[in-house]
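The structure is given below, and queries will be raised subsequently.
Chain lettering (A, B and C) follows the sequence in which the chains are written, and residue indices restart at 1 in each chain.
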Amino acid sequence: MRTTVKSPHLPFGDQRTAPWYGKDIISIKQFSRSDLEYIFAVAHEMRVMVERVGTFDLLKGKILANLFYEPSTRTSSSFLAAMERLGGNVISISEVRYSSVAKGESLPDTVRTLECYADVIVIRHPELGSAAIAAQAARKPVINAGDGVGEHPTQALLDAFTIHEELGNLENLTVTMVGDLKYGRTVHSLSRLLSLYNAKLHYVSPEALRMPPEIIAELEAKGVSQTEHRTLDKALWETDVLYVTRVQRERFPSEDVYESVKGAYVINAEVMKGAKPRTIVMHPLPRVNEISVDFDDDPRAAYFRQMEYGLYVRMALLAMVLGKA
Amino acid sequence: MRTTVKSPHLPFGDQRTAPWYGKDIISIKQFSRSDLEYIFAVAHEMRVMVERVGTFDLLKGKILANLFYEPSTRTSSSFLAAMERLGGNVISISEVRYSSVAKGESLPDTVRTLECYADVIVIRHPELGSAAIAAQAARKPVINAGDGVGEHPTQALLDAFTIHEELGNLENLTVTMVGDLKYGRTVHSLSRLLSLYNAKLHYVSPEALRMPPEIIAELEAKGVSQTEHRTLDKALWETDVLYVTRVQRERFPSEDVYESVKGAYVINAEVMKGAKPRTIVMHPLPRVNEISVDFDDDPRAAYFRQMEYGLYVRMALLAMVLGKA
Amino acid sequence: MRTTVKSPHLPFGDQRTAPWYGKDIISIKQFSRSDLEYIFAVAHEMRVMVERVGTFDLLKGKILANLFYEPSTRTSSSFLAAMERLGGNVISISEVRYSSVAKGESLPDTVRTLECYADVIVIRHPELGSAAIAAQAARKPVINAGDGVGEHPTQALLDAFTIHEELGNLENLTVTMVGDLKYGRTVHSLSRLLSLYNAKLHYVSPEALRMPPEIIAELEAKGVSQTEHRTLDKALWETDVLYVTRVQRERFPSEDVYESVKGAYVINAEVMKGAKPRTIVMHPLPRVNEISVDFDDDPRAAYFRQMEYGLYVRMALLAMVLGKA
């Protein structure tokens, strides 16, 4: 993203003093701890307002271009609902395979066209770095909704906000991450955010899907307590947040290896008897069978509430970059 | 659907006394005659309001998730327009083949995710019983927009409402159904609704596409007068409502059989000389050639007005389940 | 289109005196010079309003059916944003391959269904004459958003409006069109509009892609000064408006011929040193490489502003045919 403040298309005088006005949201590296506190406060306000009135006209008159180069119904619906609950409008562009892009148009040209119609751009793109390229080209603020193996910062923020709302704060928590920690982009980002809050981290995964050494090294340098496990039992009893990810068959060298380990990473009502009464269970969704439906009605099952917190976080970010928070 | 009242996400105190607040709309079996009268009264109010002001803000602040697992432009557009004319917003999800579902997500999980963003869910799904499954999973009201060989209750309601608006009431009418009565889901539902109103029914179809015996038996038990015909001439002269459906070539054992009968089920200006001046002609659309375009400008041609009545019925149902009617 | 005034679905008494109320927009042949002045005046008002307030409720209560039989993200997004900035709602139908059309429904039936839900219809269709067929069938106003090798009148209007806004008027300008002048629908329409304004036209193209003789003859009959060139250098120095189009490889008999000429039709910073300081460069977009990105930051590069002017023109047309301008 560019470091200068952009000028979204509306002339309200006091916007320019808002700290996030005209900024892009590209990476969680942009956020200090006080930034996170600010986002959580705004997102909490959004929650209160939605619970009270459903929608309100904070962004009336603004248009979001929701530009999805690859499908992600969950994320695009969440941004769409966020904009609508703020009284704004949305241009959804998901059929990129048919658009000018298919005729050879560059990403910067597409972005410069869309900002003629819209006030803010959300972009999902399969290629690392694409969100930054879009932000560089755009005069209007750009929000990264996932750029391939790069980042998905609004997912990381909603994960952190979920913990904040469910447990009251993020300080001094024991967080256990389970499943595919190697390819799971969400656990990498979340562990980095938690490093700002003196978290104690447990990583529970099969050997082949361990948390990448460079992330462990990065957090170690910040003094974060990290422990690796092959099974959940050593960590579960003291866990405040259990973050579950999908273990995909195709990540394993053979069917045999997959079958031998998969049971160790399935959460169900029986397993959760070993956890504390206020432990929360999270999952980025969609799940397949790594959390059993027999646990869904347990109050500790936070994964659907997590989706709702995502709505509030995205409402907060949209309002912030448009100078209205 | 669940029999308990759901709690859609808005806190207006007096909603809870509205009779349809929080209910699902899954099957026409839910509706008594007095329920139908209520729906028709609300739908008629919607018609008056749309004719007077176009849109109004009865559902401002509410979001509809329009979840289509199979394409149906007509039905999805109708619900979309209904929500927009009520001042609400819509999340359209029609590319289900690309969504989390394609990654193996279950229907209950998809519904529980969407209700984090939306206040009411409309679902179209190719499988029998899917709407009931969705309703069971959801905390928010679910409206069935067609579940395969199951039901399409809003189509049945709009058919009945069309008759109500065009002819003033549904009492003691002679209704003739023409074409494919075996596979035509709409005629099955409509005949059941008409059984509440002392209708006299004529069924005109080729031998291979007769009204199913179980429906005839069901209506006979209710004392409905039913007569089957191979050709239209015996019934047309006394018909108040002529309900035409498509006879598809692929339903016949051979091309010869199809060719030999198809002419008997085509309505045109010449055929309609044998009908009463106030007979109305209906069709669920799309038509191919079972109603000739030479009849389109006849005031008795009600099939495009029928689409418009569908808008009012869907507005009524959305308002009802959200506690605003 | 029909020549009689249609009656869009709203009862404001004074609409019927608005000159474009209920009219279809099908062809640039509909527009006299005074019509263009009127459109430009309304579009300029739209620009002022968008710059001042973003959106406003001129078309609140109206619904646009955006019916795209072939994909065109740019045009559909532009109409969508136009309607949203006017406070109206949109039904987008772009998956026509899955809709009733795929079941054999005729264009008139589709249009007559959609107008049950909507107040105005925008149609994009690959076949010549389809917009006129739709307009003939519809009771509500129809706007042609491109009908194959036919016309794309809103593109022509936005091109003319761009010149109007950038240079203050269209009178007595020297306009140079570059690239594929044979198949480029936009240059045909623009040259016709410019013939109303005493323009001097230069056509710069390879031999195989010359401006069609029938257009040259038509404009010659109106006394327009026209000169053909193979290269840009003879015309550039006196050019006020440089309109660049894409030269597609597949239009040439062989790769060799294409390679030998393509360089002559690429605009870059170096080439533009030969142009006047207030010359503007336009392009219908998407571009591939016929304008180098090294020229994008030059104030004379008007091609992205051109997209924005398109928004204002479409807002103007929607307001006009709905009796609100």
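The rule we apply is simple: a residue touches a chain if its C-beta (ideal position, glycine included) is under 8 Å from a C-beta of that chain, and two chains touch if they have at least 3 such contacts.
Bear in mind the structure is a predicted one, so any value in this text is a computation, not a measurement.
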| item | value |
| --- | --- |
| Rotation, 0 to 180 degrees and nearest 5, that superposes chain A on copy chain B via CA atoms | 120 |
| Shared interface numbering between chain C and chain B [over half = same, under half = different] | different |
| Centre-to-centre distance between chain C and chain B (centres being mean Cα positions), rounded to whole Å | 40 |
| Residues of chain C whose C-beta touches two or more other chains | none |
| Of all residues in chain B, those that touch chain A in their complex | 9-11, 60-63, 65, 89, 91, 93, 95-96, 98-100, 103-105, 108-109, 112-114, 116-119 |
| Parts of chain B lying in touch with chain C, wherever the complex brings them together | 50-56, 71-74, 77-78, 80-81, 84-85, 94, 285-288, 293, 304-305, 307-308, 310-311 |
